[in-house]
Amino acid sequence: MSDQKLKNEKIFRDPVHDVIRVQDQVILDLIDTSEFQRLRRIKQLGITAEVFHGAEHSRFAHSLGVYEIARQFAEHLERYYATVEVGDGRWDPKERLLLLVAALLHDLGHGPYSHTFEHIFGTDHEAYTQAIILSETTEINQVLRNVSADFPEKVAAVIGKTYPNKQVVQLISSQIDADRMDYLLRDAYYSGATYGRFDLSRLIQMMRPTKNGIAFDHRSMNAVEDYVISRYQMYVQVYFHPVSRALEVLLSALLARVQYLYELSQHDSMRSIDFIPVALRPLFAGDRDVSYYLKLDDAVFIAAINTWRFAEDSILADLAVRFLDRHQLKSIVLNETVGDLLPKLREIIAMAGFSPEYYTAENDSFDLSYDIYRPNTKKPQTQIELVKADGSQIELSDASPLVRSMSGRYYGDARFFFPREMLEEQAIDDVMAPIYADFQRFVHNDELIRPIED
Amino acid sequence: MSDQKLKNEKIFRDPVHDVIRVQDQVILDLIDTSEFQRLRRIKQLGITAEVFHGAEHSRFAHSLGVYEIARQFAEHLERYYATVEVGDGRWDPKERLLLLVAALLHDLGHGPYSHTFEHIFGTDHEAYTQAIILSETTEINQVLRNVSADFPEKVAAVIGKTYPNKQVVQLISSQIDADRMDYLLRDAYYSGATYGRFDLSRLIQMMRPTKNGIAFDHRSMNAVEDYVISRYQMYVQVYFHPVSRALEVLLSALLARVQYLYELSQHDSMRSIDFIPVALRPLFAGDRDVSYYLKLDDAVFIAAINTWRFAEDSILADLAVRFLDRHQLKSIVLNETVGDLLPKLREIIAMAGFSPEYYTAENDSFDLSYDIYRPNTKKPQTQIELVKADGSQIELSDASPLVRSMSGRYYGDARFFFPREMLEEQAIDDVMAPIYADFQRFVHNDELIRPIED
Amino acid sequence: MSDQKLKNEKIFRDPVHDVIRVQDQVILDLIDTSEFQRLRRIKQLGITAEVFHGAEHSRFAHSLGVYEIARQFAEHLERYYATVEVGDGRWDPKERLLLLVAALLHDLGHGPYSHTFEHIFGTDHEAYTQAIILSETTEINQVLRNVSADFPEKVAAVIGKTYPNKQVVQLISSQIDADRMDYLLRDAYYSGATYGRFDLSRLIQMMRPTKNGIAFDHRSMNAVEDYVISRYQMYVQVYFHPVSRALEVLLSALLARVQYLYELSQHDSMRSIDFIPVALRPLFAGDRDVSYYLKLDDAVFIAAINTWRFAEDSILADLAVRFLDRHQLKSIVLNETVGDLLPKLREIIAMAGFSPEYYTAENDSFDLSYDIYRPNTKKPQTQIELVKADGSQIELSDASPLVRSMSGRYYGDARFFFPREMLEEQAIDDVMAPIYADFQRFVHNDELIRPIED
Amino acid sequence: MSDQKLKNEKIFRDPVHDVIRVQDQVILDLIDTSEFQRLRRIKQLGITAEVFHGAEHSRFAHSLGVYEIARQFAEHLERYYATVEVGDGRWDPKERLLLLVAALLHDLGHGPYSHTFEHIFGTDHEAYTQAIILSETTEINQVLRNVSADFPEKVAAVIGKTYPNKQVVQLISSQIDADRMDYLLRDAYYSGATYGRFDLSRLIQMMRPTKNGIAFDHRSMNAVEDYVISRYQMYVQVYFHPVSRALEVLLSALLARVQYLYELSQHDSMRSIDFIPVALRPLFAGDRDVSYYLKLDDAVFIAAINTWRFAEDSILADLAVRFLDRHQLKSIVLNETVGDLLPKLREIIAMAGFSPEYYTAENDSFDLSYDIYRPNTKKPQTQIELVKADGSQIELSDASPLVRSMSGRYYGDARFFFPREMLEEQAIDDVMAPIYADFQRFVHNDELIRPIED
């Protein structure tokens, strides 16, 4: 058992929290592991950094931030709500280190461009986080085992939400947790967004342990509301930004094309796989092992895509150029009444020389699996609870008319993506001009419409 | 000639300047080129981002910021100091676009980890910037030629400081220019530093064109002083940070080792160069061509170093692990009276199993070629001039006792770098223990000292 | 006609807008008038500064801020939307100075603690603003007449919303105008609120002149939504803060008591009015003249209340102490089902020795006449309009489900205020104890309830 | 003895520190006293708020800030440096409450426009602070006595720097203490200055108790240097601003005139003192009693000066208008070689109709008694000490060449103040024109010069 305190705290200068305070040797040792340092090489916002040029920060910085917020949670809970007797629904100070470690490590399993990556390669970052913690081959596991033999399992249980103490679980993973709190503040700071801020200090001060988890004093209702609105604003304005989704569509198409070419090469000995860097071949061959996964970062993909600019396959080369030089696809808003027009649009696009498989996509921001506050979905989220003066609880959307009006609503849109060339005004002598003109009849006010003559 | 204004300005959200305002089609076209987009993939601070984890921003963001400051310069000068007649020493509004373009493109030739790169491979980013602007093969050159046939030459002349209008040159490149102004503000914002800020608005308001360049109204003396101090503080606290220099020493050693192994392989057919990714081989073979250079970015190096973790050559593999996992070297302060002890130290370090060639270095922050304000050096800098009410000028350090006391001083230190193992307390049964103990006799209060018994 | 430009702009350092840029001699002259300087002595937030101790800024600072935002409006509109021919619905650059002056002067008629003051003394700050502008005795009027003979009338017409050019009127006074924009940003900055910010730069960039006023490009819908939400948050969390309303109730009671004592003295020669400072006697005597009104500021009231601590009248003395030492009233939330209990509560309070007339109040934040966005009320507000790509317009709440859900709702509460003593736990031997205990039966979870036994 | 902890902390939203955390009942009770609430009515920067319009904050806000910084000091020292045995030079946690109370109350004795006030009326705010703490008539004293009978004396001893534990004294009052730290940060925030910030978190982390007081780890040398420079910048750019000093000169003249008129009235029964508000008469009559002093605030002065606009005495009336409407005096820089010219200047000014006694002044910013870091003066300041790794100490200016170059220097200037009319360009038919022209021969580049023909 090794949970030694440092003689003096170590502070990391951080623009969001001013400082990150490290007070335990274990935290310092975890930060120094190879697996945690790898997070420096993975951008927090992935492709979105191409749209908000300031937001180039890494998952490393975010993970330190989540740790710091969790540390402040623990300090508050221990000072004012420490357990007096077992089962009293107060905070057990012995859970402090577990909380801090789980907070620090919660994103350990993220890969490069996670959303696209998981979609194409069928992986799950949370499962990887648990695997890295539990695998005896990792430096992380070694540090954790030094705390106690069962510490890796406990940390993995918190990540997996199966840990018995629901307070610990919810502080890391719920509708209002250290993870979301840090990324909202951090992404807002780095992108330069004016929204995304909320009153962290007041939320912590008003945080109350309960027998079932974590709640907030009802006098902080407006501060909680403010947090929910900030989340909404970051989603609609930053995370769901159409240009960012357009680049994501491009990256998906590009990786799908590489996978296709790889499969071809497996059945056709004339085709070489030299165009895939050695470091990435196991990925396309299906290697999903933790030790291989840990070798992947943003750089290996960017370096590969950079070489694909000059690939023999013209579709791959074109997609690589478009992706790197930010010639993203354009998009228009879809609504259900015009969905029948899409095959026709794809046909026109094919006539203009673009493979619809790689150059068009439907994408709606509803199913990006981000969790706007809506308690009644199939995958129910932990509710946010408020505690009244007499100890009774009330669910947030019951207390706040504003949150109620937001709950269960779909704030997002469905879009159809296609090559930007389709919207260009063309010189009269361009052979493509009539094709583009035909396409443009379907577009009005940035929406897909049914042309009058149809 | 194409210097078309946009119908409405395009704004990029920027956390430092709030917004970057683009008002000209040419600027938009330049941003969209492949060569400019490449700057997204090169970190502004290189290795320093490892020490200040928040400061992961790119040269792309910085370049937009320099452009924005230059745009504000031009707006101020045109509004209040537009030329009335030729040669009156006022600002010629026809220079606006040239100023803006030069500001945007001034860092175009930077490569990955520029300082280390230039030191090892003998390159010069300013020469590359000019080459990219002048080479007919680049998209940049194509956009510039559309403005006018001689526009690329004019932009290159501003970058090279040979352009006849010294006002334009000094606004981009002098002791107090758009470049320095942006990087101080930006690096401070992203690192979370409390210094580095200065009063940009007042400096612009107080900026005066003169016959020889740019000066400042003497009533802004304190604001100029403030800027000079901010620069000083960023240098001593951020740019010269010992840990950052320690990582730079590691990267230099690592690249030197690869170059050495490459040379060996050229004379020994038994040695393979397979460990060097295809994309990097021309570099070690001496290719310094612009078109090749433009393929390089941070990612290709990071991806390569990641594979070198598993290199056969044990020194290379070890250096790669130390660099990526941030096991940087340690350092102590040197002063001239103890320089004779270094051979002895290197000898002890070699006994501990580390090659002094790759694991030790002397490095002083004086000769990192950063330009603390000192007008009387071999490579004289443009002076900062103040203009009095009657039009007479006075040089800044003549007006400010504080700046005078800083001028010509060396604020920096010389350090000796070595493996961190040398300072560790060792278990009694460690065979290295006596060697480490011997080494530690030379260290006191983080300085190299002459041991008493010597 | 005198609308001379300054040779160089004058800048005022401002923490909200960085700088306030003055470019016209008229603006400088207006700032230097006695009537405008008076605004330095009137706090922007009045009593609210007692609750948010950081928010002690004056109407002077706010007025400069409104001017600066209007200046940015004009710069944008002139650069990108200047009139080409009469009646084209674009912006007429000749309106610039009028816009700037009206922005600067819009709050000129505010008195100390405006809301309470107007309620008690029956005055109207907007009418005073117009009177100060039009009265030939003011320095303001003199500066304005120097511009042109009809300039004062034009400025007053903009303030009174009767000026024919609706663009000018709406930029100063509408649901989304320079006034609201500055106070949201400024009050948030000074109070330290995390809400209240919005994307000013984007709103300006997306601002479009129309034939009927001002609209916003529909692509800025989220930014407009963000502004509406920020307003909502500032209202519920800052402007309607229960403690602030409690102090307002105290101040109202105090001034009503002075008025009552003044009236008594008019009919009873035995009663002296010496307790009212000479400077305030005309006020209680009914003097509402502009020249007298301009002598009033926060200081004359604070100085008077300070002397009333020692007033012979015990109610007045007690109210003065409570107000100055911040012993505000307590409050509980009312809902319509328990309104019948108030007479009973007042009876108990009277038994405890407090005059219900001066020590209790009902106050709801709905009718504080602040304007939450609700287009369908008796006093209809200008709607916020969005402009689509094809030029058609759509009203904000038609475009935004979130704003729709907020429109017309009452976000506020009704409260009953009473002396804090009523809620104190009392020692058993306190003769008041049974009275307080009786009162406390009506309070649960900070709400007025019907006691079980009733 | 009553040093009860609150069940949950109470937080005050603060824009500088985010939140002020109150954890003790005593602190809450002190804030609620009449004497402490009075600080809301006294501006922190006095007249300087007229120059930096954003900086209208009160001593109340500053006092809370000093308390908060002291609280953070105590938390750090207790966590990492708590005393192990008596006399070990570490921090005694039992001193915590004393430190916090002294920090909160250190400015209690400040009066309105303190600097001018003390100069004219011969008072001393520090003596008043101690008197308020010790006087049994104050609410403050009553709260303190509830802690323990000798607690008021202990707090007064800390304020008076006679308390035996030098750590406590220096944390409140030394070259680098909670007071200075808060006012630099706060005044910078409110004025919008870009300087004035420093790295508070790092200074706290690096703070070390010693046997003689407080020192800083030498690794924080740059952070300490940064703090010293920030102080310097705030002094030269904000606190010593020439316009602010010009207004101070006016206020001094005005109060001196009232005192003169009061004295006259004492010897001449024909002269009335009705023009002096009742509340201020004791002041001019010489009342310096604590209980009277506590009735004074900014408002009583502002209200009085407002009535003096209409005073019969024309000099008083004119000075009042100039002060309130900000028609401050102008000034020029003096150097020792031209001091002999001042009698001549005063003579010209008298000819122009201005009494030199009230309309001119010499004022140098050196003797405003602000304490730029200079250890070798008559009134020696506590030095700032750095602690090396081996425990030895080094004085800051020995370690920092930059601070050494600033030590003992006079950064300020001497100025001669006079009516702005003297510098105006005059119409040819103005009878004063030749007098003004004569005066202007003595002014060049904002300095007093010896005219050529003299």
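Details
Labels A, B, C and D are assigned to the chains in the order they are written; within every chain, residues are numbered from 1.
Assume contacts are C-beta pairs under 8 Å (C-beta built on N, C-alpha and C of every residue); 3 or more make two chains touch, one makes a residue touch a chain.
Keep in mind it's a predicted model, so treat the numbers as computed, not measured.
Considering the contact criterion stated above, the chains in touch with chain A and with chain B alike are C, D.
Judged by contacting C-beta pairs, the busier of the interfaces C-D and A-C is C-D.
Rounded to whole angstrom, the centroid-to-centroid distance between chain B and chain C, based on C-alpha atoms, equals 50 Å.
Averaged C-alpha coordinates put the centre of chain C at 32 Å from the centre of chain D. For the pair chain A and chain C, the distance between C-alpha centroids works out to 42 Å. Among the residues of chain C, those touching two or more other chains are numbered 13, 18, 193. Interface residues of chain D, counted against chain A in their complex, comprise 7-9, 11, 13, 18-19, 79-80, 201-202, 205. Residues of chain A that touch chain B in their complex: 12-16, 18, 32-34, 37, 40-41, 49-50, 52-54, 56-58, 60-61, 64, 189-193, 277-279, 295, 297-304, 306-307, 321, 324-327. Listed in rising order, the residues of chain B touching chain D in the complex are 193-195, 197-200, 218, 222, 226, 229, 232-233, 236-237, 388-390, 392, 401-402, 405-406, 409, 411, 444-446.
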